[in-house]
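Going by the order they are written in, the chains are A, B, C and D; count residues from 1 in each one.
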Amino acid sequence: MRFRQLAIDSPDNLLFGTAPRPLTTRRGMVIGGGTVYPEFNFTLPDIAIDEGSMPAVRRQYQQIIDDALRRAVELEPPGLVVEFEMLPPMTQQPRWGIEITAILAEALEQAHARHGLPSTLRITPNDTREFERPARMRHGPYWEGMRQAFDGAAAAGGELLSIESVGGKEIHDDALMAGDLPAAIFALCVLGTRDMRFLWSELADIAQARGVHCAGDTACGFGNTAMVLAEQKLVPRLFAAVIRAVTAVRSLVAHECGAVGPGKDCGYENPILKAITGMPMAGEGKTAACAHASPLGNIAAAMCDTWSNESVQNVKLLGGMAPTCYLEQLVYDCRLFNRAMDHGPSAATMLRNWLVESDSGLDPQAYILTPHSVVAVARAIVAAPDHYRAGVAAAATAIDLLREGHEAGCLRIHQRELPWLDRMQRSIEALPESESAFIEQMMGEVDTTRFNPAEYGL
Amino acid sequence: MRFRQLAIDSPDNLLFGTAPRPLTTRRGMVIGGGTVYPEFNFTLPDIAIDEGSMPAVRRQYQQIIDDALRRAVELEPPGLVVEFEMLPPMTQQPRWGIEITAILAEALEQAHARHGLPSTLRITPNDTREFERPARMRHGPYWEGMRQAFDGAAAAGGELLSIESVGGKEIHDDALMAGDLPAAIFALCVLGTRDMRFLWSELADIAQARGVHCAGDTACGFGNTAMVLAEQKLVPRLFAAVIRAVTAVRSLVAHECGAVGPGKDCGYENPILKAITGMPMAGEGKTAACAHASPLGNIAAAMCDTWSNESVQNVKLLGGMAPTCYLEQLVYDCRLFNRAMDHGPSAATMLRNWLVESDSGLDPQAYILTPHSVVAVARAIVAAPDHYRAGVAAAATAIDLLREGHEAGCLRIHQRELPWLDRMQRSIEALPESESAFIEQMMGEVDTTRFNPAEYGL
Amino acid sequence: MSTLENLGQAIEQGDRNEAERLTQEAIDAGVGPQEILDALVAAMDEVGRRFQANEVFVPEMLIASRAMKQCMARLEPLLVEKGIRPAFTAVIGTVEGDLHDIGKNLVAMMWRGANFNVVDLGTNVAADKFVAAAREHGARVVGLSALLTTTMPAMKRTVEALKADGAIDARVVIGGAPVTEAFARDIGADGFAPDAASAVQLVRGLVEAA
Amino acid sequence: MSTLENLGQAIEQGDRNEAERLTQEAIDAGVGPQEILDALVAAMDEVGRRFQANEVFVPEMLIASRAMKQCMARLEPLLVEKGIRPAFTAVIGTVEGDLHDIGKNLVAMMWRGANFNVVDLGTNVAADKFVAAAREHGARVVGLSALLTTTMPAMKRTVEALKADGAIDARVVIGGAPVTEAFARDIGADGFAPDAASAVQLVRGLVEAA
């Protein structure tokens, strides 16, 4: 555990646009330095990606970025983060991902040169290692493709490296369906953290060689899968809320290995990472409804430093292409945050509080993201001796917070979910003290045909 | 001129969610009574509407409303305004429009009965009279279809009657292209007001007979056409800003004839009407980017009582059907407004101010919508002896405000637009005092083949 | 309450040891294996109904499903003896390029609860693998899952390959977040399930109609 | 500066009386009508260029266009005399069910500035009216405008009707907010203009290529 104390130890100091360790980009944007920037995301409409369709794919990305930048120049955001989240074939054939990175980087360069629009490009190759099961996590063609995609895209103009890594997901999916908190902790804090340490050390080398930044990871495949399952009423919201707290332990490892933020948009655990590391973080909420519904529409903005629409296909809406429509919405959202900030931190904190109050009483997953909860979970994590104990501590703290919130009348919990508080608490109270005992126990319980322990350094 | 003084005569008292004359709906929503409600809008994807496609059309609307209400029940807004904006064939064949009204009304009724979701249905038939040129405004099959659509839809569950009426548009379109402010005033304040008086008196009869409310009109085809042309850089933004001020004179006539609000979403002149009448008003801004870009994304929320997405086609986005995605965004926007209001009027006014400051300095069209400008224009209108003079006074006041704002450094105006301030001012200073002289003069200048004066009572 | 009624309740509550005990009790009392099987399927149907009505979550359903599995282990030898076999075989998998397995697993679990013989091919399954499995197992149903819009073309290819193979007589059903009824029609699938719970009724209806 | 240079400037500035005077001056000085016409078209091209570069607004362009019209009134008899006619006829209109005329009018204005003979059918124009006008005027170009997504099917029908008529040899170009290049391709149109300014080059290119 590299971080032993909190960079932000008071809930009062957790605020959008403001991070104790801001990041300055090549074109002079200071992320976390008093401004919330829009983080623009987009993807292809329904077309196959192969050699034959690549000309059309290139045209799509060119159109998306040209149209969006034309509007951005008119709306004049203080700066723009553009995320290029690759699609799996673009990581498997890295030259495709690199080519499109170059198209986007060139468009950003021109918008800066011609119109003075500051911007930075986040590149997010895919974690394709899960394309074989059990996965080879540290070698083989999938991993090689990922390495090349990162390296090439960094050389082609990507400034911020991110990934939605999935180490441990092969166990976590089953844990979610079973509502099995110990198995989830095993997946996240034993397997996930080990894989993150390998992966992000490799990315740190690439970033250093290419003069770019490791930005951060997201437990999307874990915490957001739980959130989506909870939205579909497949698993309890309480369970998803506790999972969210635990995911912070896993995503933190990127920063232990040198990532400097902004953490990736869909990492709703980001406020916890921000409290621990002091680094800027991306957020997404209501303006990502194009990508998924959530109970976190406003609260997700309360502590973000960039504000993202997560992903929208390049389809036509009445007002224009959907990516450009969403860019416009992001810009206006950010204008509001930044105007409040112009009036000083106490004004901005009022806006933050309204964003928090908007959602926090209605859903356990939102309640876990109140500044008060965030600092409590963060504190539990940094006080733990290792990632396993940090995961258990995060879960235990989350359960306590939810119980207290419910008892204090600040949080509504559906009747049929209430037994899960005790159920989850019992399940972690029974866990052994040492990680090695925990690993031994879990290896007897989870489906060990799904992964190769050696690939996780076990 | 029915309104001789302002219902809200201080900019400080112009605030979202709050109107001196709120409207209580059947299911107990109090619009303008301290809550901003989402106003949900949607339309068909690209399909033809005819006898053969009507089963598919019905299915579309059923799916849209079912999916959106499922999500609304989860998100629990304090209430929901649903607008059914017909498509022209549904007004020409009123039974189609009435049928779909019934589908929507039934879905709202069930959501209320089963889940306690309060809602109200705004119905907006089309002004199809423009389908023949020169138009018959007061008789003929188009007008008959409109009457039947209103009457039938009111009987079928529509509670709020609205329309985007277009009387005078046949002259206004040319006036916009020519940058001709006097011709625009003729179209809006001579032709438009006369047609509105006829139309809204008829609607008032229908509303009374059916026990529903006349809500309001919008100068969409005038002010928003100007805004879109300005966004496309076809006409100066200054010109569009002055046009906006003048449109208020025309839209006001609905309320002179008995409309009680909420004024229709796309009427960006609504804050002026709110200051004059004290009635609640709809607004749309950033969350209507699905329908059109605008320089008014945040400021449009500053004084609204319902918050709309204007229109979005029923197409699939990654997160679900686009209407439901937009509903979610509206609900979160409204939660923020309402949480600020929970902290009292001065907190809410802070949020209002940030929304205003977000946009007001960047575009003349936004500057005209600051509370200060709104009250100034509203005051000029109620002080005028007739609609013609009110239009001239609104234009003159707008020009003064824009000039002062620019000189005070509060408003940026593009260099190549600046001459338009003098140009517009000269063009109205030369106008005669009396309406009859103005009419005589304009009948010699505009293209009189485009309309039949008798249809406007001239 | 009769033993079978108790057995049904034990399944619904996910009490696998009690369920197993009651299965043995029923066997010992000479209740026919088909009758016992029917009681198990009925109990799982009830769990599915509660799930669809949002009364229970997946974890509860999973526990019930495991309890049924434990009972089936006791019952299987008797079913084999009597020549009683699952009504039909269903092949299921996530299409090529797509690694999402949660939705697919959920459907597989519910199909097993309905006593279909389920062959799960996993994720990222190429069209020819679906075809080979459908042939090999004489599948009456093939279920395709996709969560990525980018893998919808793979779904189309797979449906086409299955339909083109004369040796296969299976209804092809599809599901997953980006999938719509219209898309199902477009690509020639026989059915579309908007969620896992409705996938059971869908398949029962299709197979009966066939 | 020559008279024609001055004439060009008067057009660009929208000074219609000066432009008319200079036209007469050129005629009186024996400058050929084709040469004068070329100067007018070149000036309108320059106005179009400025418009496309966002240097002037439509009102300014409109004034230039009116100045040109006034000059053309002087020039027309001489052009007729010499048998000089517009390069070709273009029919334009907004499709059935759609009443938006601003975009259509703008394109018509720019086409006139380029000295195409423009037949404007107005708004809400049925497919058969387009066909009849294209036949009657021997149109080389037909321009269809739509602003409503709901009227895009009408656009498709109109393109099909025009293409199906053997007596018509016209390039069909489309435009309007909901229209995309892909849609143009899908419905068999020959060209698509994303904005009014580019509609001139589009048509010039198509007619030359034909």
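As a working rule, a contact is a pair of C-beta atoms (placed from the backbone, for glycine too) under 8 Å apart; a residue touches a chain by one contact, two chains touch by 3 or more.
Computed from a predicted model, the values in this text were never measured in an experiment.
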Intersection of the contact lists for subunit A and subunit C: B
Taking each chain's C-alpha mean as its centre, the one farthest from subunit A: D
Intercentroid distance (Cα basis), subunit D paired with subunit C, Å: 64
Mean-CA-position distance for subunit C and subunit B (Å): 53
Mean-CA-position distance for subunit D and subunit B (Å): 34
Multi-chain contact sites of subunit C, meaning residues that touch two or more partners: 149, 178
Numbers and ranges of subunit A residues touching at least 2 other chains: 313, 318
Category of the chain touch graph - line, ring, star, complete, other: other
Contact pairs between chains, per stated definition: A-B, A-C, A-D, B-C, B-D
Touching residues (chain side subunit C, partner subunit A) in the complex: 54-59, 62, 97, 99, 101-102, 105-106, 122-124, 149-150, 152-154, 178, 195
Of subunit C, residues touching subunit B in the complex: 149, 177-178, 180
Residues of subunit A defined as touching subunit D within the complex: 316, 318
Residues on subunit A engaged by subunit C in the complex (per definition of touch): 44-49, 87-89, 130-131, 133, 173-174, 176-180, 225, 229, 232-236, 313, 416
Of subunit B, residues touching subunit A in the complex: 43, 71, 74, 76, 231, 285-293, 297-298, 311-313, 315, 317-320, 322, 324-326, 328-329, 331-333, 335-336, 339-340, 342-343, 347, 350-351, 354-355, 357-359, 362
